[in-house]
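Everything below concerns the one structure shown next.
Letters A, B and C mark the chains in the order given here, with residues in each chain numbered from 1 onward.
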Amino acid sequence: MNAREAILSRLKDDSDIDIATEAAALLGTPERPAVDIAQVEAEFLARLALPSVSASHDDIETIEELPAAVARYLDAQGEARALCLPPDPRLSGCDWSGFALHQDAAPDEAAALAIARKGIAETGSLIFETSPQAPMLPNFLTLHHLVLLRVADIAPWLEEAPLAGPQPRAHYWITGVSGTTDIEGTYVRGAHGPRFLHVILLRGDFPHMSEQ
Amino acid sequence: MSGAPAEATRFKARADAALADRILKVAVERTAGTAEAKRAVAVDAFPDFQAARTRAAAIKDHVVAHLGHYLEQFEANATAAGAKVHWARTADEACDIVIALCKAAKAKSVARSKSMLGEEIGLPHALAEAGIGRVETDLAEHIIQLADERPSHIIWPAMHKTREQVSALFKAKHRLPHEEETIAAMAESARRELRTQMLGADVGISGANFLIADSGAICTVTNEGNAELSLVPPRVHIVTAGIEKIVPSMPHAVHMLRLLARSATGAALTQYTTFYTGPKRPGDRDGPEEMHIVLVDNGRTRMREDGLAEMLRCIRCGACMNHCVVFRQIGGHAYGGTYPGPMGAVLTPVLDGLKQSRDLPNACTMNGKCQEVCPVRIPLPTLLRGWREKSWREGLEPQSLRAGLGLWAWVATRPRLYRMGTGMAVRAMRLLGSKGWIRTLPLAGGWTTYRDMPKPAAQTFMDQYRKERGR
Amino acid sequence: MTQRKVALFVTCLVDMMRPRIGFAAIRALEAAGCDVVVPEGQTCCGQPALNSGDTNHAIALARQTIVALEPYEAVVVPSGSCGGTIRCHYPELFEHDPIWLPRAQAVAAKTWEIMAYLDEQCGWKPEGVQVDAKATYHDSCSGLRELGVKAQPRRLLKPIAGLELTPLAGEETCCGFGGTFCVKYPAISNAIVGEKADAIEATGADLLLAGDLGCLMNMAGKLNRQGSKVRAFHAIELIAGMGDGPAIGEEA
């Protein structure tokens, strides 16, 4: 008997219950933090500001304002206008003149931008997936992680984070910066990855969204 | 292997050494004390945490009851997503699979993201024996690796180290060590040291906090982001996971995640929560070419059969040890196993044998705090009592205790004799005391070495009561 | 009003070490209108055997205790851990015994910790009791977590004139007694009770109160060894108006 058969043979399930029905019933009405669904943006921003998340944020009306917002942030941080930018068609309409752009992150990448599919008010989390237009590594290598999030994509609870249907290689939730308390329980930011997280809220729509 | 008495002496010797180490006490108190305080705040702020615990326990019990079904479902979905699923009955089988995969990948170095299952199966040792370089990427595990030690806590493996000890270690081992004596500068030194090593690894190895049955995804949670940096760049990603890590679906995982971080650190979530499903897809710009998932039994099916099914609910949050009065005094190394504290005292006899570890279930005051804080309501004291029963049945308890308890029970089941005996004992004890206290009491040196024993009253309650009431 | 016929399970520790806790329990129960009986057949509830894994002896003592206690309307125990043994663990001991399980369950269902019984079942409060002192209260673990004893002793102590109750930091943290634990692992137990003694001293209280004699002997014994002036009583002694007598470790 191989290992698989040996293990499964000890886990024989004689019950004739409908396992899927029982599993679904276990979820019921989940206990979760209160979120005012009329105020999801304010709730989201309040969580972003918590010490455990400690992200800064900015506001833009249209996607065309994104480069200016990124420039504002980098200038304020004293960083060069250099940016690791994913090959996402939603960003192609932006005028990045004055920026040194690249698609692959360097080991000591200073700033990278990513587009979050969702923001979650319950925790201040940003939700991402990998795809040919969305690499993952830059978001973990970079010192400054800049995230574009459409206000309309803020959802109240984590139940709305998962992606339906076939899964991409990675689906990930970012709720703050790379931190550690491994030495004497003292919190240090930037353990391995980002030391700064900056969310740029887009009030309007992505380009061509209505035509898609 | 040596017998029980020798091991008992070793546990006590380790505990004594830990008790004498005041630096250890400070280090443990600092981290566990902070975790305890932060958890309390998080739990108070959460609406109906008790109901959430009940639900979490029910979800895990459901999974454990239908574990075969869920493992097959997970296997099918992970395979469909392009991952290769392997099965291991024992620690050795699991290590053999991982080493074979590393050799097939011609791996010179592997990046490891902290995994207690990896520690449980002895993976660091197996990699060393196979001559494969290993980079521990969690900061605490990196400290442990440099110091050539074992983790002392499942969430903060380097809990026992002070900043001074870490500083000396980094200065001796890092290429460009910190100059300023701050914790931030030390963390920065580790960042410099580890980054290039992580990016140059051939294989990334992780555990899994959850296995999602209906998608075949594996979930890691970290605050440092080291899992992602260890698992995205290498060509091969190997996961070793205990078979009990399954949850039916993402909404179930969401519920467990809400409890996990709050119980461990008091945060709503860890900074990074990632679900990996199979290797990179066509066109993806990063991610591994191969993903392997090793499902490890190592005693878990036996636990399910032998009355320890409730222990398979454990989500490894560490709350039980943070709140344990014994752990807080002796730290994690004194326990001598992979897992310390109350959950470790239940698991170590499964993994290392009861004969080697009979002290662990006994070195507990049965105060019930661990059960009170457990996010999945594991009745830890009941499970520890179960080990004590087994140890008694198998004759592993010291002969002196067996004889003493036997004599006492023989008398106590004979009330008339018992009354005479207690009356005499009281009178004898009174001879040893002065001014209300007894400072040394024969056969109770364990008590009077450290504290005084109040002198009993002149007569037992039963004698006085009979006299007063004339019954 | 018909008097409730209540059996007092004295506990072996109170029987041998501090009988006045048993008499205080009787006094308070009688003041609350109970007819108290001390059944002859009782000795020890079997907790030391139970917690050592010696199930056979634990079962033998449980049977003896069940037989002694089952004739009465209610069983009252001046100890959370002995009460917890009868109430929570007896039914577990007879889980697979169809004859004894119902008897164990019946006794378990009518067994109460003394202060919980006075407060919840009798709705009684002490009257005319005066103790001029500052006291602090330690919540013994079994009473707290197995029987939910928390508010009841505080409600019963509140009407005592002159008594000021000051909170103890870590009042729900184990004192390190743990029954046989304290003699099996004395050094660890000592480290735990040492911290507890420091926390008690830090309250500035004159009196240490609790609901379990084992824990009280552990804490009082450590306090005395450290030269502390804090005096320790079982809370029921004060509640029954017997707080003017000798504290634990004081000559009568």
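The rule we apply is simple: a contact is a pair of C-beta atoms (placed from the backbone, for glycine too) under 8 Å apart; a residue touches a chain by one contact, two chains touch by 3 or more.
Everything quoted here is computed from the prediction, not taken from an experiment.
Ranked by how close its C-alpha mean sits to the mean of all protein C-alpha atoms, the top chain is B.
When every pair of chains is scored by its C-beta contact pairs, the maximum goes to A-B.
For the pair subunit A and subunit B, the distance between mean C-alpha positions equals 31 Å. Averaged C-alpha coordinates put the centre of subunit A at 54 Å from the centre of subunit C.
Subunit A makes touch with subunit B in their complex at residues 2-4, 6-8, 10-13, 15, 19-20, 22-23, 26-28, 30-34, 47, 52, 87, 103-104, 107-108, 122-123, 125, 130-132, 134-137, 140-141, 158-159, 161-162, 167-186, 188, 190-194.
Interface of subunit B with subunit C (complex): residues 12, 15-16, 19, 325-326, 329-330, 362-369, 371-372, 382, 385, 387-393, 397, 401-402, 405-406, 408-409, 412-413, 415, 418, 422, 425-426, 435-437, 444-447, 449-462, 464-465, 471. Listing the residues of subunit C that touch subunit B in their complex gives 10, 12, 14-20, 22-23, 38, 40-44, 46, 48-55, 57, 60-61, 64, 92, 141-142, 144-146, 172-174, 176-194, 217-218, 220-222, 224-225, 246, 248-252.
Against subunit A, the residues of subunit B that register as touching in their complex are 27, 30-31, 34-35, 45-49, 51-52, 55, 58-59, 62, 65-69, 71-72, 81, 87-89, 93, 137-140, 143, 156-158, 161-163, 166, 183-184, 186-188, 190-191, 194-196, 198-199, 215-217, 223-226, 228-229, 232-233, 243, 248-252, 254-255, 257-258, 265, 267-287, 295, 297, 301, 304-305.
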